[in-house]
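So the structure is just underneath, and the comments pick up after that.
Labels for the chains are A, B, C and D, by order of writing; each one numbers its residues from 1.
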Amino acid sequence: MNLAEHYTQIRKYSEKICAPLATEDYVVQPIADVSPPKWHLGHTTWFFETFVLKPNVTGYQEFDENYNYVFNSYYETVGNRVIRTDRGNLSRPSVADIYKYRAYVDEAMVKFLAQPIDGELKELITLGFNHEQQHQELLITDIKYILGNNPLFPAYDDHWKEDSSIRNENDFVTIEEGVYEIGYQGDDFHFDNELNRHKVYLNEFSISTALVNNAEYLEFINAGGYQNFNYWHAEGWDWVKTNSISAPMYWHLIDGGWFNYTFAGLKVLDKNLALSHISYYEAYAFASWKGMRLPTEFEWEIAAEHFNWGQRWEWTESAYLPYPGFSKAPGAIGEYNGKFMVNQKVLRGASIATPENHSRVTYRNFFHPNLRWQFTGIRLVK
Amino acid sequence: MNLAEHYTQIRKYSEKICAPLATEDYVVQPIADVSPPKWHLGHTTWFFETFVLKPNVTGYQEFDENYNYVFNSYYETVGNRVIRTDRGNLSRPSVADIYKYRAYVDEAMVKFLAQPIDGELKELITLGFNHEQQHQELLITDIKYILGNNPLFPAYDDHWKEDSSIRNENDFVTIEEGVYEIGYQGDDFHFDNELNRHKVYLNEFSISTALVNNAEYLEFINAGGYQNFNYWHAEGWDWVKTNSISAPMYWHLIDGGWFNYTFAGLKVLDKNLALSHISYYEAYAFASWKGMRLPTEFEWEIAAEHFNWGQRWEWTESAYLPYPGFSKAPGAIGEYNGKFMVNQKVLRGASIATPENHSRVTYRNFFHPNLRWQFTGIRLVK
Amino acid sequence: MNLAEHYTQIRKYSEKICAPLATEDYVVQPIADVSPPKWHLGHTTWFFETFVLKPNVTGYQEFDENYNYVFNSYYETVGNRVIRTDRGNLSRPSVADIYKYRAYVDEAMVKFLAQPIDGELKELITLGFNHEQQHQELLITDIKYILGNNPLFPAYDDHWKEDSSIRNENDFVTIEEGVYEIGYQGDDFHFDNELNRHKVYLNEFSISTALVNNAEYLEFINAGGYQNFNYWHAEGWDWVKTNSISAPMYWHLIDGGWFNYTFAGLKVLDKNLALSHISYYEAYAFASWKGMRLPTEFEWEIAAEHFNWGQRWEWTESAYLPYPGFSKAPGAIGEYNGKFMVNQKVLRGASIATPENHSRVTYRNFFHPNLRWQFTGIRLVK
Amino acid sequence: MNLAEHYTQIRKYSEKICAPLATEDYVVQPIADVSPPKWHLGHTTWFFETFVLKPNVTGYQEFDENYNYVFNSYYETVGNRVIRTDRGNLSRPSVADIYKYRAYVDEAMVKFLAQPIDGELKELITLGFNHEQQHQELLITDIKYILGNNPLFPAYDDHWKEDSSIRNENDFVTIEEGVYEIGYQGDDFHFDNELNRHKVYLNEFSISTALVNNAEYLEFINAGGYQNFNYWHAEGWDWVKTNSISAPMYWHLIDGGWFNYTFAGLKVLDKNLALSHISYYEAYAFASWKGMRLPTEFEWEIAAEHFNWGQRWEWTESAYLPYPGFSKAPGAIGEYNGKFMVNQKVLRGASIATPENHSRVTYRNFFHPNLRWQFTGIRLVK
């Protein structure tokens, strides 16, 4: 697949994700972390226009000069921007305008990609592909939040069903003590935060080959896990109290029975399914209650060849920090990862929302420990 | 015009107001005071369904039982409701669904109104008409806020123009000291807060026959009015400082020139036009700077026959309090006015957004002193 | 009593109020409205130093130039100041330093007052006396808050007891409809907000000769008054919910019995005592539940000769607004009253904390409707 | 030194720290992180009474049963407590009462410690010693905050002077790549968070033998370091903007010259002195500007034999996480360290406020990345 085909394939997929939406669903931002779908569609387009077309295509005519202000996310280098919490206050540009913007930029990009492209520019374009894939995952999780927190519980896809039969035995595999190598190695795309490849020393540990499922988590709930501070970090306990948390996101106790909002609407909770939509605080508390712990990201990376992964992003015990020798690129691209390396937790694996071929064993995802709207789950270590 | 025709006329006007909107414009709630237009369209419909159709039409089939939760505003009597600040987080019901809801309820209403209706029920329906008219005014001011705070400054109507030539001479008319009667008298519709008609004693005062215009207010700005605490209430001064206020809402200083967002988009400020979109705090400060004051609502009501009014809601010095003998109706309808009679200021007159025949000389509008998104202006007294 | 003697008498009384305090009690500010007692002692002294000594005594040597910053309250005219919520964060100046400051200023003042003083200067000094008396009342109510919200419930005076036998019959006296005169008349001290004396028209009303007592208010509580939104203003109801209010301030339900923090410590609730420490919201809700209402400040002023008043500040239905012809003095003194005339309610009468000879029938006290730490009570009108 | 002597020595030192204070200085809590000195004195006493005397001394008579509520800090196991932000609102117990409390508990403790004590109980008492030493450091830093944020800038000790001549050459020492051992080893006191001793793999690195001094940090300021987002984490940049940060805590720019609040009062900034009172965000930004980085806590621990440390707590790049095999003790003592292991940064070394013999090379201090009131400094790695 050549670069232009690759580009087109990725761009089309973003639009496919949004196909089932009503126009209104593109607009709202119920919490700061959840951006309006139309914003994602515009922002990913702005990325290609700003970093590829404007600097490289002579005479390129910007689609609309105001869009830089509207669709910039956090790039301080590229000028002022709508503050993040205001994205849901903008009714314009309309959804139709944004699709026109996409078509306009796509046409220019496909034309541009017809010529031979190499070196740094190719790397930058490939970063744009991966950037759009990250927003594809956010589109899916943000749409779930928008529909799943609506009192009418509208479905995204009536026929949607997650396969709960794909499941490993709940065995533990033991990894021996020793020096291991961590981080990306190879010539394909990878993020700067996966480098440098470096050595770490691991003690012996045993890691589960299966993710925690809903049945196991219900035991924690029924055992009073949300009422006993002993299992929690101090700030996790504050979070439980302040927000009156008593179950994973999207779980509803109705007339004594547990229901779960899924993309097909509100359904009876499937107990065999891998647990999802829990915060790091809950992951930690559950593990404490079990007398176990979460893996570090290093343990996970070394052990990952022994189990299937990919249904859920897996909270690790590791904080998101630079690897030895990490250095960020100059300019706007350098704002990609490094500046978030404080007060976040690493997640490893991939989720059902992650685009195919986007993740890999060295991939480092990261979120604040209180967030639950991603498909986040638990793997135990003892 | 019979009741059914009156109903239809009023209902159509709400939809006419929204006709120029894009679907996206119906959805957003940029500040708590500004509700999404689709919410207004649903809420006014819910009013007729809840208070007229459900109690009075045998076998009436509710359109959707969830709508009570979605479209109730502040009626504690009628059950739970979406909290006010969450209205802009709901992408559903869609705009199309709400228009279906309107058509469904309209059909049932028109059928119901074909029979002879009298007494309390007629009063209730007439209240529903006036309720919808109040939301028509809010539709207009909320649409202005939604478009006028968008960085693209989209127009609502490219040909819209406010006539700045209709203007009285800036004369003062003097009203003699004495006992006057205040409040509604007659048999037509009026709100409970306009009763009882009662006597007040007024001292002699002179009131301007014209509203303050933009040129006069610019003098206040240029004289440093926003920098001198002496003109302001203590809490008005805090409001100026906290919110960095330096001009009326919708005014923009661009390259040294003043612009104003209007329904036709961003335009050079028309200095002859009556000032609008100022808070009570600003009205008070401007009057102090002039060495004058605002009228009380009683002075206004007595003097109103001496001038044209209706372009702007006029801030008065009066707090919104019950008239002697005021008593609120029982049940949900009683929640209409009385429970807001604390910490608000009375406005008199009407604005360009007020539906025809909705206001009258005894009409009492009320808002918190910091609010500016209504078409609010100033009339001076000395 | 000459001016110097009057000065000394008033100044000594402030210190007498503080005599039972531990040093620590002078320092804390548990809520923004409650200032540290040492701040009151310093601020009232600063008033005389700033407005009397510095402009009028040649060669007067300021005690400490930093004190202007520390003890200014809200006078924008006189320069920067410690923000109000930071008063409790200042351990210095120490209590001993502030008593030295008082002695220093008192010596200079007594010396200064030995000469004949007249006209505006005498008025200003008399204003200083009344200013200090207002802070004496605040000293008492702030001390009650500081001790009464301490988990150890320390007593201020073990022998303190409020006389609950002084109580009128609960009769209603009827005032006839007509034109009445309101506002201060005479040559003695009065605040600017009591002027101009002016005519008002009152409808006939009947007003209770007694204040509501604790027994009556308990009936309201037991009747579910705090659980029924119908009795409350919308913002009163929000206040109840947000702050989980279920009884007057200082009331505690312990093992099924009601207790009340008094200056003698925590005591069994005296049911015969006049109700105290309630907000305007609660006063309004109680009156609504009774099917009655609160008096306006004008009704109160006209009816006051028919009952004893002075145990409690009485919430009125009136908002705090300027009288006809009100104008504020120029300079810092003009910041005294006028700039607070928005969003506050008028209280009439006086409380057990009010210094003797400080209040009068035309006196207008004012507070925000949610505040309860003053000795506030209820008189009903029907 | 036997246990009773050791106890007495440590307890006396807390009181020695407070000796220069005025009573008022013991009371205030200007920010949530800074507790009133009297609270520290009471809380450390409560620790011995609650965990040693009450469970182990038959017939022990509690000093005051209300003190558990007042002096518990964060131990959920031991019951309710005054919320942390309310400590500065309590004027009682008085300072004198707290010294009586200390004397009462000290007498009982010394008597109790006269008998032979071993095993877990000895460990617990030693934990109490270290606990009190930690609060001694907080007493010093909290007193500095209380006095240093007072507009009068009172001195704690007029003769106090920090020696700026004790300073290494600014050389870098290089540590070779390899497997190293980290964590406490031995039989003396240590915290649970220093265990298990475990192996880590370190890459080669060069670490400065000197701390950054004020002159070097001034260069960063003068180079616009606080105005360039490139050097900062995204949340560090938000912190700078939100709090208008432009220099280390206690630095004041007066008439063009830099001053520094020290325990001797406000003084001209000593440029040779080791930089202090900066947040992790500032430490990171400074290192970025230098083209260097902060050490990890593992690098620091291995390299520490090559330099003198102890003047400043040194921010590391490491997040505060459990070591392999870490497990917390059961009961209240188990709440000591583990529950804070999220969203905090590790500091290594010791400061001029740290009691002698309290720190060690494996000691792990931890704070949130925005805090500056500790004596925190920077050591660079390249």
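Methods note: a contact is a pair of C-beta atoms (placed from the backbone, for glycine too) under 8 Å apart; a residue touches a chain by one contact, two chains touch by 3 or more.
Computed from a predicted model, the values in this text were never measured in an experiment.
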Labels of chains that are neighbours to chain C and to chain D: none
Required steps from chain A to chain C (each step between touching chains, minimum): 2
Chain at maximum distance from chain C, centres defined as averaged CA atoms: A
Distance from chain B to chain A - Cα centre to Cα centre, in angstrom: 44
Where chain A and chain D are represented by their mean Cα positions, the distance between them in whole Å: 37
Averaged-CA centre spacing for the pair chain D and chain B, given as whole angstrom: 57
Pairs of chains in contact (touch as defined earlier), listed by label: A-B, A-D, B-C, C-D
Contact set on chain B toward chain C in their complex: 74, 76, 179, 198-201, 203, 229-230, 232-237, 280-281, 284, 293, 317-319, 321-322, 324-325, 334, 339-343, 345, 369
List of chain C residues in touch with chain D within their complex: 22-30, 38, 66, 69-70, 82, 86, 88-95, 146-147, 149-152, 154
